[in-house]
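Structures are listed in the sections that come next.
Paired with chain B in one complex and with chain C in the other, chain A is shared by the two complexes that follow.
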Partner chain A sequence: MKTVLAIAKREILSFFVSPIAYVVLTAWLLWSGISFYALAQFYASNPSHGSTDTPISIFFGGTTLFFIPLLFFVPALTMRLIAEEKRSGTIEPLMTAPVTEVAVVFGKYLASLVFWIALWFPTLMYVWLTSRYGSVDMGAVAASYVGIFGIGIYYMAIGVLMSAVAKNQIVAAMLTFMMLGLLFVFGIFSQIMVDSDYEELFTYMSVWGHMATFSRGVIDTRPIIFDVSIAAIALFFAVRVMSQRNKGAA
Partner chain B sequence: MSDAVAKKPVDKNGASGLINSVAIGALLIVVAVMANYLAFRNYARWDWTASGVFTLSSRSNEVLRRLSQNVDVYLLLPRNDSNFQEIKDLFDRYRAKSSHISLHPVDPQRQQAQYIALARRFEIAETELPSVVAIVVAGERHWNINAEDMLTLDAESLDRDDQNFTAQVKSEEALTGAILQVTSGRATKVCATRGHGEWSLDGDAERSLHELSDRLERANVQVTEIATLGLTTIPADCDSVFIVGPDHAFSEAEANVLLAFVRRAGNLFAALEPNLSHDRVEPTGLEHLASELGLDIDANVIMETDRQFMLTEGQPVAFYVADYGEHTTTNVLRRAQSPSAIILSRSIRKHGDSRAVELMRSSPGSYGETSTLELSGDVPPVRNGDDLAGPLSLAVAVDLTDAAHPNQPHGKAIFVGSTQWLRGQFMNEPQLANTDLASAWTGWLTQRPALIAIAPRRVHVRAVMMTPEDLDGLLFRVLVLMPAAALLLGFAVYWSRRS
Partner chain C sequence: MIRVENLGKRYGERAAVRNLSFSVAKGEVIGFLGPNGAGKSTTLRMITGFITPTTGTISVDGIDALEHPVEARRRIGYMPEAVPLYPEMRVNEYLRYRAELKAVPRAQMKKSIDAALEKAKVTDVQTRIIGQLSKGYKQRVGLADALVADPKILILDEPTAGLDPNQIREVRDLIRALAGEKTVLLSTHILPEVEAACGRVLILHQGKLVAEGPTDQIRKTLHGSASTILVMSGRGVRAAFEDAVRGVEGVRRVLDAIDMEAGIVRLRLETEPNAEVGARVFSAVAKAGLALHELRSDAVSLEDVFAELTTADAAASDAPPASPTPPATTDTSEVAS
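Let's turn to the complex of A and B:
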C-alpha cells in the first residue's frame, strides 16, 4: 500500500508541476463554462421548462455537452501514465525497483482519480453561482458528484489500461478515445433501439443512463456495480499487460 | 545451441503466464457479467433530493408491499416525449420496490404494429388511443392511464414570485391507483348524501366534492350520491355514507336511518361546518345520532386568537391545525407535524366516558364562540359567557368494535366540525395535510389500509431566475475568471520552477 501511495504521489506531483495540467484544466473550464452558461441562459429564459430540472442537474449529464468533452479530456489525463514511462525508458528502473506491477498500476490509477477530481472540483463554483439565483438541491448535487466519481472510476481505469497497452502517448490517447467512444455510442444505441430488452441493456451500459439517474439526485446501485466491475476488469488486464511485458523484457 | 536450450523454459513460462492471464481474465469477466446481471435484477435506489422528489409515497409503498400478483405496465409513449424519462424513472422506482411490476415500453411511432395490437387487445377505441399513455394489466383486468394523469405544472404557482413552481406528481397517484384498480376486488362505494344542501359531485358547483371524489376514484373508490329523505334503510351496496356540508338539518327519521346504518356495521363520515343564522348556529339534525355514538356536536364557531396559527392575519375563523390525536389515521401526520388548513369550524367533542378518539385539536389560544351576534358585529368577538376554551377538538373518530367479538363487522364514524378544508385549493396544496386527512379517513372507514398511508404529494420545482445583468455577470465569472485563474496558476507553477 505504501508503494501504491508513493507512486501515486510521484505521479500527482509530476502532473501538477507540468504545464499540461493547467492547459487541460483551462481548456476544461472554458468548455464547462460555455456549456454551463448556455444552460443557465436557457433556463433563465424558460424558468418553467422541464419538471424537476435545473441548469445544474442538466449540466451534470443532461446533454451531450457533458459527455463529448470527456472523450478528449480523459485520454489527455491518462495517456502519459504508463506509455510515457515506456517511451522515455523510465519504466525499466521503475520495474527493477522493489515494486510490483500491481503497485505501479494502482499507484498510477489512484493518481488518475486525483486528476479526475481536480477536473471537477472547480465546478462546485457553478453550484454556488446557481444558488445565488435560485434554490439548488444540494442532495441532488451530491448525487451528481457521486455519479461523476463513478464514471471517473471506470473511465480512468480504461485510460490506465490503454496507457499500459500502447507504446506511446498518442496511441494510448487514441485507444482510450476509441474505447470511451464505444461506451458513448451505447448511449445512442439505447435511444434508437426498438426492442425494449436491448434498449435496457444499452441504457444500463451507457453513461447517459447513469448520469440521468444521478443528476436527478437518485443513487442507484446498478451503475455503481457496472462502474466498479469495468474498472476491476480494466485494472486486472493492465496489471497482466505490465506483467507480460516484464516477463518479455526479462 | 546452448542459447536455444536456455530460452525454451522462458517461452514455456511466458506461454503458461499468458494462458493464466487469459483464463483469470475470462473468469473475471464472467464474474463481472454475473454480478451485473444480479445487480440489474435486484437493485436499490436512494433519493438524496431535499424534498424526496423521487421517493415513493407511503401509500404507494404500502400498495407495493401488499402486491401479490404480477402487474404488467405497457408504457405507450414515444421515446422522444419530454415526459418519457420522468415516467420511466417512476416505473423504475416501482420495480425497485416490487418484483411483481414489469414494464413494457411500446413506442407508438416505432412499434406501430405492437401498439395497434395492444389497442385491440384492450379494446381501446381509435379516438381514445392517443390520450392513453399507459395500460396497467393484472390477470384479466386492465386500467388505462391518460395523458392528463401525468406530471403537470401548476399554472397558479407560475404567478407567484417565490421562485418555486409546483409540479404535481400525478403520475404516481395514477399508477398506484391503477395498480389498486386492477388488483383489488370490486370498487369500494361511498354514498354521499344529498337533499340538505350538501356539497355536490358536480365539478362546476361552488361547493364541490369533485376534488375528493376524483382522488378517491383513482384509488378504486366510487363516489355516488343518495337522497336519504324517505329512505328506511341505507342501500346495502353503500360501504360508507358521507355527509359533507349540509346547510339544512336532517330529519329525525333520517338521523335514525343513519344511526341504524352505523350500528349495522356501516361507516359514516360527517363534515358539519357551522351554519350561522342571525342569532345562533343552526342545528344539524344529527345531534342525537352523535350523542348516541358518544359525541357532542357543539353549536359554536372556533376562533383562533394565536396569530401564528392564522391562515390570514385578522381572520380568526381560518387557521392551521397541527395537533393531531393518537389514531391510525393521524399518527403519521402527528409525527411529521404536517399542518392542515381549517376554515369555519365548530368543535366536536367526545363524551367523557366515550371510546371515541379526538383526531385533531385547535391551538390552546383558540376558543369556541357561541354568539353569532358577536361574529356578525363590527367589534371583534372575544371569549365570554358560554364560549368554550381551547384547545378544542375539531374531529372525532368512533369505532363501535365489540370488545367481546373484535373480529365481527362493526360500525365506524368520523365527525369533523368543518367542511371547507375539503376545497380544492387546500387539497392541492403540497404543504398541507388536508388531502392526506381526507384520504386516510376514507381509508379507515372503508377498510382500505393503503389509503391511510400518505398520498403521493406534489413537489416544488426549483427554478432559477436570472436577469440579463445576472447572465452577464455569470458569463464573466465562468468564461473569463475561472479559466484565467487556472491559467494563472499554471503560469505561477511554471515561473516558480523556472526560477
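Let's turn to the complex of A and C:
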C-alpha cells in the first residue's frame, strides 16, 4: 500500500510539472466554460423553458457533444503513465525495486484518478455561479459528480491498460482514443437502434445515458457497477501485461 | 549470497545467455567481464528480476528469486546500464521516492537519503533537477539510488560508463570501500576496471561463461606465456638476437620485430610465465655484443587473456545455438582452476 502511494505521488508530481497537464486542464476549462456560458445564455433568454432542466443538469447530462472532447483529453491524461516508463527505460529501476505489478498498476491508476478530479474540480465554479443567481438542486449536483467520478473510474482504467500495452505515449494515446471511441459509439447505437433487441445493452453502455440519469439527481447503481466492472477488467489485464513483460519474444 | 544455476535466456532462436552457473560469496566483489552483447546485462537483469529466465534457478541470500521476486529484490541495490532516471524530478525527490519504494522506514528516511547522497558524492546537487545534470552526476545519482536502502547486495551494470577519469577513480574507491561490507556484482567491458576493483572475475562470451577465477590468478595462470620487450639497434639485429637467446632458459621465441626509426628495432619476446628471464636475456645479449637500448617485461594484461579466450571460443563454438543445453560447463570449470 505504501508503494502504491509512493508511485501515485511521484506520478502526480511529474504530471503537474509537465506542460501537458496545463495544456489539457486549460483546454478542458475553456471547453467546459464555453459550454456553460452557452447554456447559461440560453436559459437566461428562455426563462420559461418549462422543463425541469437547469443549466447545471444540462451541463452534466444534456448533451452528447459535451463528452466528445473527453475522448481526446482522457488519452492525454493517461498516455504517459506506464508507456513513458517503458520508453525512457525507468521501468527497469521501477520493476527491480521491491514492488509488485499490482502495486505499480494501482499507483498509476490512483494518480490518474487524481488527474481526473483535477480536470473536474474547476467546474464547481459553475455550480457556485449558478447558485448565486438562482436555485441549484444540490442533490442533483452531488449525483452528477458521483456519475462523473464513475466515468473517471472507467475511462482512466482503459487509459492505464492502453499505456501498459503500448511501447510509447503516442501509441498509448491512439489506443485509448480508439477504445474509448468504440465504447462511445456503442452508446450512440442506443439512440439509433431504438427498437432493436440490443437497445437495452447499448443504453447500459452509454456514458451520457448514465449522466442523463445522474444529472436528474438519481443515483443509479447500475452505471456505477458498469464503470467498476470495466475498470476491474482493464486493470486486471494491465497487471497481466506488466507481468508478461520480457518473458518471451524479444 | 548469490547462487545461479543453469541460467539461460533465449529470445526466439537466439540464446542471449546459455547454461550459466556461478555463485558469489558474502562480501565478495565480482566482476562480470565480456564484450558488448556477451549477455552481461541480460544476466544481471535476470538476477534483479527485470526479465524472467527461460531456464535455471537464481537464489539471492537464500531466497528463490523466481518464486519470491519482491523478497529477493529487497536485498538488492541495482544500477541499470543506461541509468534511466526521471528528468523532471529533483535529485532528493527522486531518492526519497526510491527510498519509499524500497520500504525504508519513515524514521530513517532522511538519514538513509543523506548517507546515499554522501557516498555517491551527489550531496551538492541534491536540489538540482535531474534532467539538467551532467552524465557523470546522473550516473552517481543512479549509484545513490542503488545504495539508498542499504542493501546487502549491489548489482552495478557498467558503473563507470560515461565518467571522467577522476570520477572513475572515485567510483572504484567507493566499490572497494564497500567490499567486505556488501556483496558486489558489477559488469564492465573495460579490463582495468575489473583489475582495479574486483577480487574475482567471470568472463562471459556469447552468453557462456568462458573463464572464472581470482583476478590476479586469471591474469597469471590462464595465459600460457608472458612477454619481454627489447629495443635494440643494428643491422640484422633480429637474426643476431634470435641466435643469442637460443637455449636461454625460459625463452620461447621472438613474437615480432618492429622497425622504428634510424635502425632501431623493437622486439617482443615470448617467455615462460613467471620465468623472470630479464637477467638471463640481458647477459646473453651482452655476450653477443648487441646494442641494447631498453629491456622491460610486459605484464600480461587481462586484455590479452580476454582476447585469447573470446576469439578462441568464437572459433570453437561457431555452431548455431539451436541445442537447448549446450555443453558449456565443461570448458569453464577447467580453465577456472
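One rule holds for everything that comes next: the second predicted complex is superposed on the first by the 241 of 250 C-alpha atoms of A that agree within 3 Å, B and C clash if a C-alpha of one lies under 4 Å from a C-alpha of the other, contacts with A are read in each partner's own complex, and residues count from 1 in each chain.
FYI, a residue touches a chain if its C-beta (ideal position, glycine included) is under 8 Å from a C-beta of that chain, and two chains touch if they have at least 3 such contacts.
Note that the structure is predicted; figures quoted are calculated from it, not measured.
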Chain B versus chain C as contact partner of A:213, first or second or both or neither: first
Chain B versus chain C as contact partner of A:44, first or second or both or neither: first
First, second, both or neither for A:3, with chain B first and chain C second: second
Partner chain(s) touched by A:17 [first = chain B, second = chain C, both, neither]: both
Larger contact residue set on chain A - chain B or chain C: B
Partner chain(s) touched by A:135 [first = chain B, second = chain C, both, neither]: first
Partner chain in contact with A:92 - chain B first, chain C second, else both or neither: second
Residues of chain A contacting chain B in one complex and chain C in the other: 17, 247, 250
In the complex with chain C, residue positions of chain A that touch it: 2-3, 5-7, 9-10, 13-14, 17-18, 88-100, 246-247, 249-250
Interfacial residue positions of chain A with respect to chain B in the complex: 16-17, 19, 21-23, 25-26, 29-30, 32-34, 36-37, 40-41, 43-44, 47-48, 50-52, 54-55, 122, 125-126, 129-130, 133-140, 142-143, 191, 194, 196, 199, 204, 212-213, 216-222, 225-226, 229-230, 232-233, 236-237, 240, 243-244, 247-248, 250
Complex contacts: residues of chain B adjacent to chain A: 10, 13-14, 17-18, 21, 24-25, 28-29, 32, 35-36, 39-40, 43-51, 53-54, 79, 82-83, 85-86, 89, 103-105, 107, 110-111, 151, 153, 158, 163-165, 167, 459, 461-467, 470-471, 474-475, 477-479, 482-483, 486-487, 489-491, 493-494, 497
For the chain C and chain A complex, residues of the former touching the latter: 11-12, 14, 45, 48-52, 70-71, 73-74, 76, 78, 80, 82, 84-89, 93, 97-98, 100-103, 142, 145
